[in-house]
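By written order: A, B, C and D. Residues from 1 in each chain.
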Amino acid sequence: MKKIGIVGATGYTGVELLRLLVTHPDVEISHVTSRSNVGTRVDAMFPNLRGFVDLEFSDPSIEALAQCDLVFFATPNGVAMKHVPALLEAGTKVIDLAADFRIKDIDVWSKWYGMEHACPDIVAEAVYGMPELNRDLVKSARIVANPGCYPTAVTLGLKPLVEAGLIDLNNIIADTKSGISGAGRQANVGTLLSEAGESFKAYAVQGHRHQPEIAQTLSLLADTQVGLTFVPHLLPIIRGIHATLYVRTKTNDNRQNSDESSLQSLYEKTYKNEPFVDVMPPGSHPETRSVKTSNMCRIAVHKPSDNQVVVLSVIDNLVKGAAGQAIQNMNLMLGLDETTGLMQPALLP
Amino acid sequence: MKKIGIVGATGYTGVELLRLLVTHPDVEISHVTSRSNVGTRVDAMFPNLRGFVDLEFSDPSIEALAQCDLVFFATPNGVAMKHVPALLEAGTKVIDLAADFRIKDIDVWSKWYGMEHACPDIVAEAVYGMPELNRDLVKSARIVANPGCYPTAVTLGLKPLVEAGLIDLNNIIADTKSGISGAGRQANVGTLLSEAGESFKAYAVQGHRHQPEIAQTLSLLADTQVGLTFVPHLLPIIRGIHATLYVRTKTNDNRQNSDESSLQSLYEKTYKNEPFVDVMPPGSHPETRSVKTSNMCRIAVHKPSDNQVVVLSVIDNLVKGAAGQAIQNMNLMLGLDETTGLMQPALLP
Amino acid sequence: MKKIGIVGATGYTGVELLRLLVTHPDVEISHVTSRSNVGTRVDAMFPNLRGFVDLEFSDPSIEALAQCDLVFFATPNGVAMKHVPALLEAGTKVIDLAADFRIKDIDVWSKWYGMEHACPDIVAEAVYGMPELNRDLVKSARIVANPGCYPTAVTLGLKPLVEAGLIDLNNIIADTKSGISGAGRQANVGTLLSEAGESFKAYAVQGHRHQPEIAQTLSLLADTQVGLTFVPHLLPIIRGIHATLYVRTKTNDNRQNSDESSLQSLYEKTYKNEPFVDVMPPGSHPETRSVKTSNMCRIAVHKPSDNQVVVLSVIDNLVKGAAGQAIQNMNLMLGLDETTGLMQPALLP
Amino acid sequence: MKKIGIVGATGYTGVELLRLLVTHPDVEISHVTSRSNVGTRVDAMFPNLRGFVDLEFSDPSIEALAQCDLVFFATPNGVAMKHVPALLEAGTKVIDLAADFRIKDIDVWSKWYGMEHACPDIVAEAVYGMPELNRDLVKSARIVANPGCYPTAVTLGLKPLVEAGLIDLNNIIADTKSGISGAGRQANVGTLLSEAGESFKAYAVQGHRHQPEIAQTLSLLADTQVGLTFVPHLLPIIRGIHATLYVRTKTNDNRQNSDESSLQSLYEKTYKNEPFVDVMPPGSHPETRSVKTSNMCRIAVHKPSDNQVVVLSVIDNLVKGAAGQAIQNMNLMLGLDETTGLMQPALLP
């Protein structure tokens, strides 16, 4: 049994890690920390865990955490970077579910996250933890940057087209919608049921932190800069992300390569060995609920008119968009089967 | 045109007063105060009011408010009592939508609200603003205590039975359910959509402030102490209260007076001239949405078995349970027609 | 008082017409028809109307309807076209809330609606009832085709840009999201709360009936064919449409005309006299709830990067997207003030 | 591996059985039937099962089902009784998730379910499948009647008090609230999101089929007739039942036995070895979400005033209220560990 620590386990990604890890056969949760809840039983805060977790929240100390084989940081941005160097030094592996290690360009990171970075050298070392892109790198990584929720849905949705060089890379549009758990478990007027329920809105149209993260990944895949318009919206549901992706095929394209059935084949081929990407049959419209509670990303590809491709991609923002993908990375880093603990069907209804 | 002030207009009862008053033909809103938002345009905080309210939030000053004919306090408990004496002195009428003037027994009030009362003499003068009970007193009142949301639904549902002396007064059960706007527009983890959505729970089973308020009114109606068990629950909807009321008919009762059709007649007779109480046909199950956005209380009375009466009573907690009933009281206090500004059908769907 | 008839009043657009018309000062509802509910009281089906409508559903007969000054058809597609010729002959004006008279090209209509048209000549005469485009034509029309819900939100959002000739007309993307009341009040597994709640999906990506309707209007405004990609999605809310519109400014454009503040001015100027279009301040993200229950369309215009414009447009699909716009048209057709009966603030929360 | 059949797997209890059984280590699903969907892949109807179920719906034939070790009937009331005799004859065990075998008094059953019973003798043999009451009988049963959802929540909530003889058995009130999945996956106007969303109502106050089922069980526990008032309500959520139970302690009771801490002890003692009943700490208010997706029943006991006990009991209506309890019964009937396949924490958020 591998020993696992979770730092900052009072948020939604933290409790989701707990929900998934308590039935994982190869790990035991040995430390669950929360600076502001030291001494509180974990299952007093989260009654769904009664009978599954017999721990109290403890103070995050490097000494204690260093006894773990792997530590998850489910903390606000800017926390992990302060502790990761010491943990790596001690030989403990780390997965950061926040954004501290996602963006390679430190200046870009500082601009979007509004602080100086505490350990730029470790950013350089960190592996971007999307197994469908970087499986082998994740296996040997000491430190993994777990991708953002929107970036997971958008990147998996666009990867085949970008790699195949079929589309106009200057004009990619990602219209994305997220369930409200993505906003976290903070007291906030805007995410009250009375405010966000029975309503829908866009936000951050002028710029959102996930835009540079997605652009970085797509540019690496394309080996050139991409032009990405990214507009997030807030859904009045708890879990789920839906990305509607609009791309133009190259106008001088040999039409055969980009008709709808060729695109379908391209997607099926790209993902045929991926345990957590499901290319839906032609004509499908995946619902967010079809992945609720599961680590699956479901994708459908459409070509409604000449040159216009529309890709639909759905994930559960707390699973494949956060805790589930983190556990997938953990499995790889600890030499376990990648799917261990993650093979349950989604919840329906 | 009567001049109206609203103190503390940034909460849900405040914005609901604004929504209803902007189309009221006989009043103009002259002051809208919020200590923490001085200078902000009202319609910048509440875009639904764009084009309807051309005011900024101002600081609550007695001098300014004293220019109003009537002032609503839509403030937290304990605020109105500090300002009401000066306003009454200045000749301005007051309706308090909080609890400062609802409970006549000052010791009981202090116990439940956790503070000393600033003006017990005015509590004695204040009229409990439920027109179906105290219409004439409201007309001549300087200060009205607007009833709580639960007390409105429960009291209107039980009044006919209590007055008629048909039931066992020692064993009244009010199982009540409220939409989450009743918890107000405060940042709070418990009322986040991610916490309160897709869930349901009871709260305050050991005791809730509305229990003594309801018990006070029912005891006055019965002219004796009543025994009331009151259990509130939180509904994952924005607006609406549903009270399910369980009472036992007296066992030595002449059966004729309490069979189902006699009870139906009793309710219809009691409320036949009431503009805002609607006794539904026999066998009805009123939905909360049937009163959403309206000042109506809809009631159905059932007798599923010998001696057991079940009354269903629904209101919109922000209208008949708060702002609408307050405007009904305002109309009476200002000598206007009681229903002015309040006669719109509920929203469906 | 003008006499009004409503054919097919058991659906959501029908009951919404009733909700809005019962407080309209200049009309009286004289006929409410429903073939399958003859003899049922209207307020037995819709308890929100208790006290407001003292009518039964009647059989739709031309003789009876011909006594009305104006008749609304709130029927499924293909019904109005069978009855409109006789009503116009009898001198009764008609507003069709379905699609029978929206599309001028009869072949296109037949393709999308799957039937032959019963009166193509009247299609030619019918005025597309969007007052912001066709106010004068509506005033003198005998027959008005009330626009679809999505077309209303999208067209109002794009009109200024299309008319000004600032954008690439070959690459317009409308990513639209609708509350579920748009699917109507039919028994259907897909729109059950258990199926559509807590979920989100796209639908009809291969083609939707509102695409040719929008394209027709935009092409008229542009005086040339436009290329429009239209993707609708289903929101787990009852009311509200949000359109996120992506357009590219012309690359050879004089930058001054299309910087963000010029675009803001263009929108404000275009709509400055419109009672039901509200251009929000720069940087805004209108929420669907900001128009819930109201006839307002709120719009914000953004330019997140060079050449990329994003317009956000929200309406209540049952009001400005159906019954409210129909009443706006009715007011114009009957010589009443355009805003009569429609000036209430939206519901919040 | 035991072979399992599911008859009528297109409803919510059917798909929930599938969701839970696909990860059960000791059984394989060999037959999934649906008369109206023969030949359709199961995962085409329920995409959450893609990758987990490689079967088509087949016609329900006794020959095929008789090859199973155990067959679940997830069919409408009145279906199972027609097929069960032949299956038992063939040596196949049966669990009926509908009501055909729940009520021992055939006349009572016929009155409430509106049909004649096809096999009254098997009703006599059938075991009421609530392991907390009948564990040993279930182990040896050929045919198990899986309890109703409301009866499960109510019975587990009241069992300790009824058995201990502490309460007035003539005046038990069960105010119950159910998520809408309890109404099934049938096209129905009343359960559309537009109708049932953002609303709340009671139903069947005059009488509901679960009243005689609960009364039968409580009367057996008490060894005398009980008087039960049962009022169900419809919650605008997908999953979850909350029962609020009101009982009076006997007035001549030795107070010591029924003070709050004694009641707490009674509950804890009664359920201390039960894997799926969780007695919460004193003062708790269990939320329905604390058991969402899990087979747990969580209970809290309160005594807000003299003689008045209030018990709160929550379950997931599709798990402990249907498919989960059925699998618990299956485990017992097949000699497996009772908890196999059912030990996952609830979903939060």
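Observations on the structure shown:
As a convention for this text, contacts are C-beta pairs under 8 Å (C-beta built on N, C-alpha and C of every residue); 3 or more make two chains touch, one makes a residue touch a chain.
As the structure is a prediction and not an experimental result, all values here were calculated from the model.
For chain D, the chain whose average C-alpha position is most distant is C.
As for how the two copies chain A and chain B face one another, over half of their interface residue numbers coincide. Separation between the centroids of chain A and chain C, computed from CA atoms only, is 39 Å.
Centre-to-centre separation between chain A and chain B, using Cα means, comes to 46 Å. Centroids built from CA atoms put chain D at 37 Å from chain A.
Counting partner chains per residue, chain A has residues 12, 181, 185, 194-195, 197-198, 236-239, 286-287, 289, 292, 349 touching two or more of them. The part of chain C that touches chain B in the complex is made up of residues 12, 15, 18-19, 22-23, 46-52, 181, 185, 198, 238-239, 278, 280, 286-287, 289-294, 296, 298, 343-349. Those residues of chain B that touch chain D in the shared complex are 171, 173, 175, 177, 194-195, 197-203, 205-207, 227, 229, 231, 233, 235-240, 242, 244, 246, 248, 283, 285-289, 292, 302, 304-305, 308, 310, 312, 314, 349.
Residue ranges of chain C in contact with chain D, taken from their complex: 12, 180-181, 183, 185-189, 191-198, 236-238.
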